[in-house]
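Alright, structures below, take your time with them.
Same chain, two partners: subunit A is paired with subunit B first, then with subunit C.
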Partner chain A sequence: MTKAYINGISCISAQNTIDDSWYFDTITPANGDYFSAIEPSYKDHIAPNLIRRMGRAIKMGVTTANLAIIDADAQKVDAIITGTGLGCFEDSERFLLAMLDNNEQFLTPTSFIQSTHNTVGSQIALIMKCHDYNFTYVHRGFSFESCVLDALMLFEEGKETILVGGIEEHTPNFVTLNRRALKLQIQDTTMPIHQSTSNGVQLSEGSTFFLLSKHKSDKSIAAIDGIKTLYKPKTSEDIFEKLIVFLKLYNLTLSDIDVTLMGFCGNQHFDKYLNELLPKLTTNTAIASFKNLCGEFYTASAFAMWVATKLIQKQQLPQSIVIAGSEPKHIKHVLVINQYGGVNYSFMLVSQC
Partner chain B sequence: MSQRVYITGLGMISALGNTVSEGFLSLSQSKTGIGKINHLTTRYKEEFLAGEINLSNKDLADLVKDSNPEYNRNTYLAMIAAKEAVIHSGIDTKDGLRTGLISSTTVAGMGITELYYKELFEKTDHLSVIDTHDCGYSTERIADYIGNVDYVTTISTACSSAANAIMLGCRMIKHGQLDRVVVGGVDALSKFTFNGFNTLMILDREWCKPFDENRKGLNLGEGAAFLVIEGEEALNKRQGKPLTEIIGYANANDAYHQTASSPEGYGATLAIQQALAMSGLNPSQVDYINMHGTGTPNNDLSEGMATVAVFGNQIPKFSSTKAYTGHTLAAAASIEAVISVLSLQHQTIFPNLNFTTPIASLNLTPIHELLKTPINIVLSNSFGFGGNCSSLLFKKV
Partner chain C sequence: MDALIEKLKKQIIEQLNLAEVNPDEVSADSPLFGEGLGLDSIDALELIVLLEKHYGIKIEDPKDGKVIFQSLRTMAEYIKAQGKG
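The block that comes next holds the complex of A and B.
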């Protein structure tokens, strides 16, 4: 399969990633059991008449999409592919509560219109007047991965420039409900996330977009070689075997990987297989975590791909994310191994180009 | 990239019946499934009609033999239709070939979330609702119900969702990612979607009248339909029997308005033209169009304009089947894909119900009586909020 060159990136996350100069220098801690995204001033990015009506997921998505395009200096895109596990939850909740509170009366359509999962993708298309391919994936921890796989296939089908992004928002009520369902837990930050004995995660949100190109140019920061998703693997050995097969597709072995970014989330049960994999990986590569910085959400893997791209661009592995192994001399291949809920596993390979 | 893709199994549950054969019977008798609302709890129960499936959530739980029922209607409908499609195709998911599952939904778990949302903050009885609310939940339940699924994903592009699931399935087979895929969509009726469409003022209080001058809006429906699609290599390997070939598909965006279609149907025109270009067919080779045809003033005019733009004065025979099932949102394109296959198999066009007067500015008359006629190629359109426009082309085998 053809490579996808990453020509532009933009990320809103729980860290100050929206500031271009940020590189793991100041780390913003979680607000107890959840992180909120550090958002920019949207009036610099979106027309004021539009901002008023948009929910946060839409604002975060439209802004990072726009910045990724600017970063790549792209003139047009041939496809817009978004991934989001929960979509525009704020608008969904607003319409739902209005409906329940008013016994199905006196409702206005705005929040219903914006509650559909493809709102971010379609708003980007509307603003850019893009009549081309437009897709929205909504599958839990595969939402962003599905976008990347689709983009790689579209390049083979002749598309040249594709915008992909992962977007997630939470609301105060959503945090409360997750807390009531015992899904959240404050993490002990004195120990690395993979050693956590917690039974919960730190919920988070954010939006990360990539402007991908079929062609390498002086704008190319890194390249996506490939992606693989695993649904409910039976054992960690099963994951390991499939990882070796995955790397082989690109003529690589584990010893070629310079940094492995692992999706430890802090919930010891969900992290079990990743912990079992760890000793098999550490001999050759530096291991880093990322959810201690971005928190857990359906499209956290998009943040991981942002980190992978930055590592290749800066050629420097920040100590705040390293959990094992030694600093590589050179960062050529970065492997992301993510898991969501101990059910959705994925590999993504990002390389220097 | 040259591998052909065939439909080899069908599954459908809708207001027309709980199986494909029940659905076919209703269609052949020109009998609508739209009627009085029985199961959905809403204050508008007596005011509106809907294409409701005449089974309670408990009935559905019994049908899928759910041992720990959470009465998530959306999920049960999907499980029933997906299983029917797998059984119909005769595939064995344990035979070592790679099977994918690509589902789609818009309402997801909202139908159950809306029943308990407020009490979730007070009591703990129904907190599992937050695990079943998202779109991926039902897909994973189907995956486990079918078993041995190598790839799962879920699409949500409003009312074009299932068309995109079918398209993605074809592409994954052609790219060698999968050997066969169970593709489709599901949406159960919910108070949330019902009220949403009501605030948009696009619901007809009477039976919807697609492509009629006096159409007033759509009737909502519910349902699920799944199709098993297989690459010719996998099909030959097991010596399976194809039902229909998928020869074209396209996805375009209208980029006009978040909910309304452009008056000239620009996105729809692009989708139809690109699907035709992919198949290598001339417009004149299309024998029948299963229209999106929701019955709203905006959709039918816009789709009609797009049809004229593509086909000029040689408009193929066409009808909308929304007046049978109601608009089933994410499931609509897969339900209509099943109906398109039935049209090809039985060489029959199921008539557009409730039609009397053509739209004055278009003067297009749908087929409005059951018609037996040679059909080789069917075009099926699906359009949705967010400007999503998708078209599929099916060929008789």
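The block that comes next holds the complex of A and C.
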């Protein structure tokens, strides 16, 4: 399958990733069981007449999409592909609450129009005047992975430049409901996330966009070699076997991987298979976590890909994310192994180009 | 009439999330659409709902909106004419 060259990136997350100079130097801790995204002043990025109708997911998405395009110095894109687990949750909630509060009368159009999952992708298209391919994947823990897979296939079909992103927003009501369902838990930060004995996660949100190109250029930071998703694997051995086969597709073995980013979320049940995999992966590679920085959400794997791209760009592995192994001399191949809810597992291979 | 115009101004700014707009800079006679506040067709629907929700006025023919929503003053005059202001 065709490689995808990453020419531009931008990320809004629970860390100050929107600041291009940030590189794991100042770590912002969670607020209890929740990480809020560190958002920029949107007035600097979006026209005021557009901002007033946008919920946070749209503002985060439009801003990061725009910055990724600027980062890549791209003039146009052939496709816009977005992934989100919950979509524009704030506007969905606002519309439903208005229905309840007003006895299903006096419903206004704005929050309804803005509430659909594909609003972010469509707003980006309207601003960019891009009338080409526009698709939104709402596949829970595979939402972002589906975007990347689609982009790789579109390159096979002849597209040249594709904007890909993962977006998630939460509302106070959503956090409260998850808290009541005991899905959230404050993590013990004195121990690495993979050793957590918690039964919950620290929820979070964010938006990460990548400007991908079929062709390598002087703007190319790294390349996505490939991606693989596994739904409800039966055992960790099953995951390991499929990982070996996945790497073999790119003529690689585990010993070729310089850094493995693992999606430990702090929930001991969801992290079980990743913990079982850990001893098999630590022979030659440094192991790092990322959800201790970005929290857990459906499209956290987009944050992981941002970290992988930055590691290759900076050639430096920050100690704040290392959980095993030593710093490699050179970072050529970064492997992301993510899991969401112990159900959605994925491999993403990002390499120097 | 002036009190109703001021009330309408605040309701429109809140309903349309015009956080950037300074109420003192919006005159009673400046156009709501195009120039002036720069509202668009989605805002027109919001204004129709606003009139129904806050003043109990239902605009049956959307063509009437062109006249009613010219400015804050025309809106206020229409509300008064309906005996609702």
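We adopt the following convention: the second predicted complex is superposed on the first by the 353 of 353 C-alpha atoms of A that agree within 3 Å, B and C clash if a C-alpha of one lies under 4 Å from a C-alpha of the other, contacts with A are read in each partner's own complex, and residues count from 1 in each chain.
In this text, contacts are C-beta pairs under 8 Å (C-beta built on N, C-alpha and C of every residue); 3 or more make two chains touch, one makes a residue touch a chain.
Since the model is a prediction, treat every value here as computed from it, not as a measurement.
By the document's definition of touching, of the two partners only subunit B reaches A:F95; subunit C does not.
Legend: residue contacts after superposition of the two complexes on their common chain; A:I113 is shown touching both subunit B and subunit C. In the superposition on chain A, A:N49 makes contact with subunit C only, not with subunit B. By the document's definition of touching, of the two partners only subunit B reaches A:T136; subunit C does not. Considering which of subunit B and subunit C touches more of subunit A, the answer is B. Once the two complexes are overlaid on the shared chain, A:F35 sits clear of subunit B and of subunit C alike.
In the superposition on chain A, A:Y5 makes contact with neither subunit B nor subunit C. Contacts of A:N178 after superposition: subunit B is touched, whereas subunit C is not reached.
Annotation: subunit A residues 105, 107-109, 113 touch subunit B in one complex and subunit C in the other.
Subunit B contributes residues 1, 42-44, 105-106, 108, 110, 113-114, 117-118, 120-121, 124, 127-128, 130-131, 133-137, 139-140, 143-144, 149-158, 164, 168, 171-172, 175, 177, 191-192, 195-196, 198-200, 251-259, 266-267, 270, 384-388 to its touches with subunit A in the complex.
For subunit A in complex with subunit B, the touching residues are 1, 80, 85-87, 92, 95-97, 99-100, 103-105, 107-109, 112-119, 121-123, 125-126, 128-140, 142-143, 146, 149-150, 153, 156-157, 173, 176-178, 180-181, 183, 229, 231-232, 298, 343. Across the interface of their complex, subunit C is touched by residues 48-49, 52-53, 102, 105-110, 113 of subunit A. On the subunit C side of its complex with subunit A, the touching residues are 15-20, 38, 42, 45-46, 49, 52-53.
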